[in-house]
Every structure is written in C-alpha cells, then in structure tokens.
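Input: a single structure, listed below in structure tokens.
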Amino acid sequence: MLLTPEIITILALDFIFLFFGIIAFFISIKIVKFWNLNSTSNLQYKLEKQSFLVATIIKYIFIVKLPLFLFFIFTADKLSDVITGAMCGAGVVNSVSFGSAMFFYKILNLYIFGFWLVLHHFDLKNENQPYTKYKFWLYIVGFIFLLIEIYLEIDFFTSLDVSKLVSCCGTLFSAASTSSFSFIFTINKLYFVYLFYAVFTLLILSYILKNSWMILGLNIVYVFISIISLIIFFGTYIYQLPTHHCPFCMLQKDYDYIGYVLYITLYIGTFYGVSGAIMSILEKNKEKFYYNVSIVFNIIYALIVSAYPITYYIKNGVWL
Amino acid sequence: MKNRLNKFLFDFSVLSIFRRGSKNIFIFFVFTLLIFLLSSILFISNSIKSELDITINSLPDITVQRLQAGRAINMPLSRVNRLLAIDGVKAVIPRVWGYYYFANAGVNFSVVGIDQFEDQYRDLYTKLCDKFNFDRLKIDSGMLIGSGIDKILKNNFYQGYFNFVKPDGSLIKVKIDGIFNGDTKLESSDIIVMPSKKVREIFGMKPDEAVDFVIKIANPSEIPNIASKITQLYPDSRVITKEDLKISYQNLFDYKGGLFLALFVISAFTFFMIIYDKASGVSSDEKREIGILKAVGWTIDDILKEKFYEAFIISFVSFITALCLSIFYVYFLNAPLLKNIFIGYSSLKPEFDLPFCFDFQTFSIIFFLTVPIYIAATIIPSWRVASMDADEVMR
Amino acid sequence: MIELRNVTKEFKVGANDKVVALKNINLRVKKGEIVLLKGPSGSGKSTILSLIAALNKPTSGEVIVDGKRVSKLADNFTSLFRRENIGFIFQRYNLIPTLSARENVIVPLIPSNPDSDWLEDRLKELFQNFSLESKMDVIVKNLSGGEQQRVAIARALINNPSIIIADEPTANLDKKLSLEFIEILKKLKNGHNSIIIASHDPLFFDLDFIDRQIDIHNGEII
C-alpha cells in the first residue's frame, strides 16, 4: 500500500462521506417507511426536520465530490510516475481489475447525487412535497452505490503496488488488449464518427421538438457515444497520433488540460439534459432552463471535439 | 435554480462571526495553527524531494559496490577491464571519495577525487573541469570547495586552506584553489573536489583501489539486463541502479510524509470534535436569535446556508492565513525546528536552504484536508440550531 | 381572509400535565379588517396570534389563511408563508440586540436576496415614516423603548405584508408613546391589510378605526 499525502486525503474524505452517508441512510429508511404529510404526529414532525439534515449531507457530499473527482484523476496521473510502466492515470486505474468499475461508479454517483439535489429543489417548490418518497428512495440506492465506490477505492489504493509492472495506455486502449472493450478497436472507426454526429443531430432535433423522452434517451446515449468516439477517433487528433487512444493522457499539461474542459462540458450538458428531461416528465411541464443549459454545453462539447480533426486537416491537408 | 451569491446573507454571516467573536477567535487560532503545521510539513517535504530529484537525476546509471560480510569495502581497480567487456557498457569509472567529518563544525563533507582525463560521472565535475585549471590543482595540490563549505571554513578561521587529519593522525594541508556553486544548495554546501591521489592520501586508501565503480550504459533499457550480468560476474558485488534509488527515495519520502499526515489526520479529527462541541453549545441569546429569524420568514435552509457561509468564511480565512504564514516560515525563515524532524541526516549534512516549490497539487491537498473537514464538523450542530422551533419568540 | 375552525391548543407542561390555552375557537377576519383581541393576561390572545402566523400548530382544528391551510404546513413552508404574508410586531420586539436598526429591518428580506437599489428606497421610506433616519446605524440595544418598537414595526412592514399582527404593542410604552403607536396604526389601515391586535390596554377600547373587538376569556371567545 502506498501512503502518499494524496491518498490519505482521499481516504480521509471517504471516511467523512461514509460517516455522514450512514446517518443520512438511516434517516432515509425511516422516511420512506413512515413519511405521511397528513399526519400531525411527533414522528412526522421529527422526520420533516431530519429530511433537511439528509439534504444538507447530500449537498455536502456532492459539492465536495465534484472537485475531489478531478483531484482523484490528478492523483492517478501523478501515481503514474511511481508505478512502473504507467504513462498516465489510465495505467494506474487499470492496474487493478476493477479499475474501470470504480471509475464507472464514481461518475454514476456524480449524476445520482446531482440529480438528487434537483429533485429536492422541485420537491420543496410545492407544499405537498410530491417527490419526498422518491428522493429518499433514490438516496438509498445512491448510498449503496457510494458504498461500492468507497469500497472499490479503498481496495484500489491498498492494492497499488509500485513494483508491479502495469500496462501503459497505449496497450490498454488497443485491439490487442484483453479488456472487455477492446473489440471496439476492431470496428471501422468512421462508424463511430458517423454515429456521434447522428446522435448529436438527433439530440438537437429533440430539443427543437421538446420531446422529453427523446431528450432523456439521447442524452444518455450521447454520454456513451461521446466517450467512445473520443477514445477511438477524436482523441487521436488531440494527440496527433493515429495509434494513441487514451481518455486520460489528454488531462495532462502536454495537451493543455483539454481533457478537463471536455469532460466537464460533457458532464454539465448531459446532466442538465437528463435531469431536465426527468423533471419535465414528472412535472408535466417543460423545464426550459435545464434544456437551455444542456443544449449550450452539449454543443460546446461537439464543437471542441470537431475542431481538432478539422484544424488538423486544414493544417496538413490530410486526415490522420 | 438560481444560485447567485447572496450579498446580504454574506454580510449577515460576517457580522455574526464578529458578534460572537470570542468563540470564533478561538476556533480561528486553533484551525490556523493546524493548517499551518500541515502546510509546513508538506512544503518542507516537497522542497527536499525536489532537491533530491535533481540529485538523483545526476546520479550514474549503475553503481557497483563490493560487499564483504554485508558491508561495502573498496573495489580493486583490476575489475575495470572485465566489466568494460560486458556488451552495452559504455564506460566504467572508478570513484575515489569519502565522507570527512569536520568535528569543529559537527558536519560531514563529501570529499570527491577526480581525474581530468577520465569521463566524469557527474555533470558538476565536468563543469568544474571546464571552469578551473585542473593542472594547477595538481601542481598546487589544492582543492575546489562549494560555496557553502567556504562559509563553514571561514567561520572556523580557515582562510585559503584546510588541514585534513589522516588516519594515522598526521595533518595534511590543502590549499583552496576555487569556490563553486552547485546545481542544488545541497551540492554547494557538501562537496569538496580534488585530484584522486590526494583523496587516497587523506583517507589512507591503496593506489590500486577505488571506493566503488560507476557504470555508464549506452541504452537505458539495457540497465536491468547488465545489472544482472554484473552480479553473475562478481557475486560479491552490490549493483544499484538509478531507478532503484529513485523509487526507494520516493517511497521513503512518501512514507515519512504519510506518517506525519496520519498524525495530522488524527489531530484534525480531534479538532473536528472541538468544533462540533463548540458549535453545539448554543447560548440562549443565539437560540432566541434563531427563533427571531424563523419568525420573520427564514426557512431551515436559509439558516443552514447562513451557517455554511460562516463556516466557510472562517475556514477559508484560516486557510489563507495559515498558507501565507507557512510560506513565510518555510521559505523565508527556512523552517527552524520542523526541518530537522524531517531530514534524518540533517545533523550530519551541512545546512542548506529549502528551495521554493509550490504546486497546485499541494495546495489542493491542504485545502481538501482542512476546509471540507471543518465544514463537515459544523453540519450537525448547524442543522440542530436551524431546526429549532420558531415559537421560541413567543416565550 | 383568516379563518380559525374549531381550534384547540394545548401545551404540555412537565411530563404529563397540560394547559388548555384555547378551546374550540372559531374566528374569521376579513381582508382589510382591523380586529382587537382583548382579555386578561393568560387568556390565550398571544396563542391565537401565533397560530395565525403559523409559529405554532393547533392541537386540533384548522387555521386557514387565504385558502391555505397553514396549520398543516411543514416547518419550511410556514417560514415561507410568514415571509410572504405576515408582519409580526412582537410584545418583546424581538430585535437582534447586537445589530443596527437598519440591519434589523432588512433581516426578513435577506433570504430572498433583494435588489439593492429597491431595498435602499424602501428603507429610506420606512425610516422616514417612523422618524428614525438619524438612528439607522445605531445598535438597537442602545435605542430607547419607543425607538426599538418603531424599528420592530419597520421590520414587520418591510415585506409589505397582507396581515399585520401586533401582540401587546403598548405594554412597554408610556402614554405618549402609546398614543403615537395608535397614530401609526391608524395610518396602516388602507383596506388591503388585515390587522390583528392583541391587547388588554384600555387605550384601544374606543378607537373608531378598529372594526371589531373580540373578548377572550380562559381560552374561549365570549
């Protein structure tokens, strides 16, 4: 086990999340069981107050988690100096078999906790608090995911081994890799480019039609196709190397930290899209503000990734 | 969701902090002290690390020592040729050097012997050979010393020469022919350079022996391979590669830093309890005030937000204050007291200044380990206060 | 319109004792009406006021304000209800003693993050109306009783409430200041506000601008 200051920091905060998360978990269970706005009992009165404690805890966890996620990536990147063979965070994260699973939960939790706050906001808009039970159910699920994430993270840090040789991202993200996603490298990469632009066009169309179900579905698809096409195609133009497929290296200084910009815009765009769509369906009312934020950020993302191959073509007259 | 900063709430929070001054001043001082300790420790360890990184990078690819009964002993020069015969070895340089303990100042100098015709194993020596007239050094039987050593010698009334004590107790006077500045401060205050012959004389070494060998290798990827060949050829040798050193230094530092951090985390949690306790103790005045706020239309959320602003302002101001203080303490005052705890060999090595080294990474570590922890400690007490009944005002 | 339907309020005292503060109260106050609740100390006047302002919940019965069942609202929404509808002038003023007059008056508006220019105008207007301009930045604990009360009134009015509630407003004032308060009250009557005053001060008993007087005795209306 490595005991760098970065790891201690992350673990200390995990411990705090766990402590408060458990408190919020037990309150949530009581609330989904006993919540009854029509009751004037002491229990209901207590639960109403405790629901604010849960909301405060979730706000806290979410707000700290956002920058902490970037810090985690930063740390993984830094550890790549110490761990033999790793060139960037990808090698470090994948030095354990559950590395990508851990990453998946980290991102999923950012969406869930963020959406919780949106739901809470709408819940408190109406005196009948129509979403109270939903939001506490959502938290119960979110808490279980949080537990998994923290468990994987602790396991990850304890199994990091400086003397073990890990693969660098060059081999991880190639057809030769044994990982579950290696098959995508065997497919013609242009398909993914077409697919990306097709989904993007549909997404814009769905905003024009203001069809909430379409917006919801397409935003989810957009997250995945964006990441896949970034790895397969757009990333190679960021690196200007046809064989370098890595979603991590672009977070480094050599590429002007463009990765952070890309991932953050993608997160904001799709987060607002998904939450806006769900709330539109629940409220039977178009959540324009959420849609507008979503459109803007999703378009910014598409523009940035498209700019890389286009400028490359203009400069060099050929595609990679 | 409109979430623009509420200036009025901010002002109200600032006023609240001052209105409950004595309680908050206590918290501010303890918290500032804690952050100050943490950041000083991290700054010192970062500085030493970056200093060591430069040193390690200037190290040779492979160093070979000879072991007897587990201790390093001198290497016979006769081994040079057989080592040179290994494929991929570019050069084998015997090193003649040692630590000289200068009792008056209580420090160790590294006395290094070089020969001009040789390939130099360290950039510094190549530079010295270029800069100073080496032949003169030989004729004068003089030496070159780092600027830090010059200071130490002057403090001990040596002007232009130094008397070394040989193993048999007799004195040998060596003239100072030049003073140099190394790449790192550690270098300048540690190294004395003179012809190998002289070094052998000072330490009483035989002419056909060296302390160890430094091996240069053409292709760095061959290093592990060649290292194992050397061990096969001379089973009594200990082969140290640059990579080994780098990792072990890094680990040593992370370990030491980690130990301090673990201690820090414990004290931070103690502090957490103090804050919790302080924030929980609500006076009757404060209770009444919360009642008033709720009676005039503040929701639980509004009061929580106000409490959050208070906690954030206190912790952030502490954070910035502590950061400034520790930058001053570490880089201007050169970290008296704390530095010694950190560098185990500091009592043996001469003094050196900590180079300035501050990065975003360290900044975020200090931030994450302090401000969110403080705010976390206020969550439950704030909620308790915020959910008090509004009919307090009717009593 | 304010409506109390079959309201009973009991207070727990000690482990198993209780005080019945209100018994089966039915009351309606129309929009624009000024109502005086009178009765001896301990008869339940303050309790009625606190129920209307949703500072308390009835043990049984309902309190309905402009069609909203305030007796059923969760804590969070009672605050919002007060912020939007109620201006409460408390018996003990309930100012924050260590803040200035001006800071006290803006307190109810802070959570809604008002526009600064608008707020300045509003403050000026209020402080002028109550001849407090020179006292704006004085810490309220250094103000006289009458001044403190006017600050409390200004605070109650800053959010343009549709219901103004005053609990024993003259209890801590001498005769001259009490009459001044009554003048202020008269000016507040404008046909839009409902005003409810609880007092046993005889000064209020024969004022022609008060529309209705209600006698409370031992928690019952007589």
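So that you can tell them apart, the chains are marked A, B and C in the order they are listed, and the count of residues begins at 1 in each.
As a working rule, contacts are C-beta pairs under 8 Å (C-beta built on N, C-alpha and C of every residue); 3 or more make two chains touch, one makes a residue touch a chain.
A quick note: this is a predicted structure, and the numbers were derived from the prediction, not measured.
Chemist: Name the most central chain, where centre means the mean of Cα atoms.
Modeler: A
Chemist: Please identify the chain with the largest separation between its CA centroid and the CA centroid of subunit B.
Modeler: Max centre-to-centre separation from subunit B belongs to C.
Chemist: As a quick test, compute the distance in whole Å between the mean CA positions of subunit A and subunit C.
Modeler: 50
Chemist: State, to the nearest whole Å, the distance from the C-alpha centre of subunit B to the C-alpha centre of subunit C.
Modeler: Computed from C-alpha means, the inter-chain centre distance equals 65 Å.
Chemist: With chain centres taken as the means of their Cα atoms, state the distance from subunit A to subunit B in Å.
Modeler: One centre to the other, that is 36 Å.
Chemist: Quick check: what residues of subunit C touch more than one other chain, meaning two or more?
Modeler: Residues 75-76.
Chemist: Where in subunit B do residues touch at least two different other chains?
Modeler: Within subunit B, residues 300-301, 387 contact more than one other chain.
Chemist: Can you pull out the residues of subunit A that are in contact with at least two other chains?
Modeler: 49, 52, 124
Chemist: If you look only at subunit C, which of its residues touch subunit A in the complex?
Modeler: 57, 68, 72-77
Chemist: Can you list the subunit B residues touching subunit C in their complex?
Modeler: 4, 6-9, 12, 15, 19, 288-289, 291-302, 387, 390-391, 393-394
Chemist: List the residues on subunit C that touch subunit B in their complex, please.
Modeler: By the definition above, subunit C touches subunit B via 46, 50, 53, 55-56, 75-76, 78-80, 82-84, 86, 88, 90, 94-96, 98-99, 103, 106-111, 113-114, 116, 155, 159.
Chemist: For subunit A, which residues count as touching subunit C in their complex?
Modeler: 37-38, 40, 48-49, 52, 124, 127, 129
Chemist: Quick check: in the complex, which residue numbers of subunit A touch subunit B?
Modeler: Going through subunit A, the ones touching subunit B are 2-6, 8-9, 12-13, 16, 20, 49, 52-53, 55-57, 60, 64, 67-68, 71, 74, 78, 82, 118, 121, 124, 162, 289.
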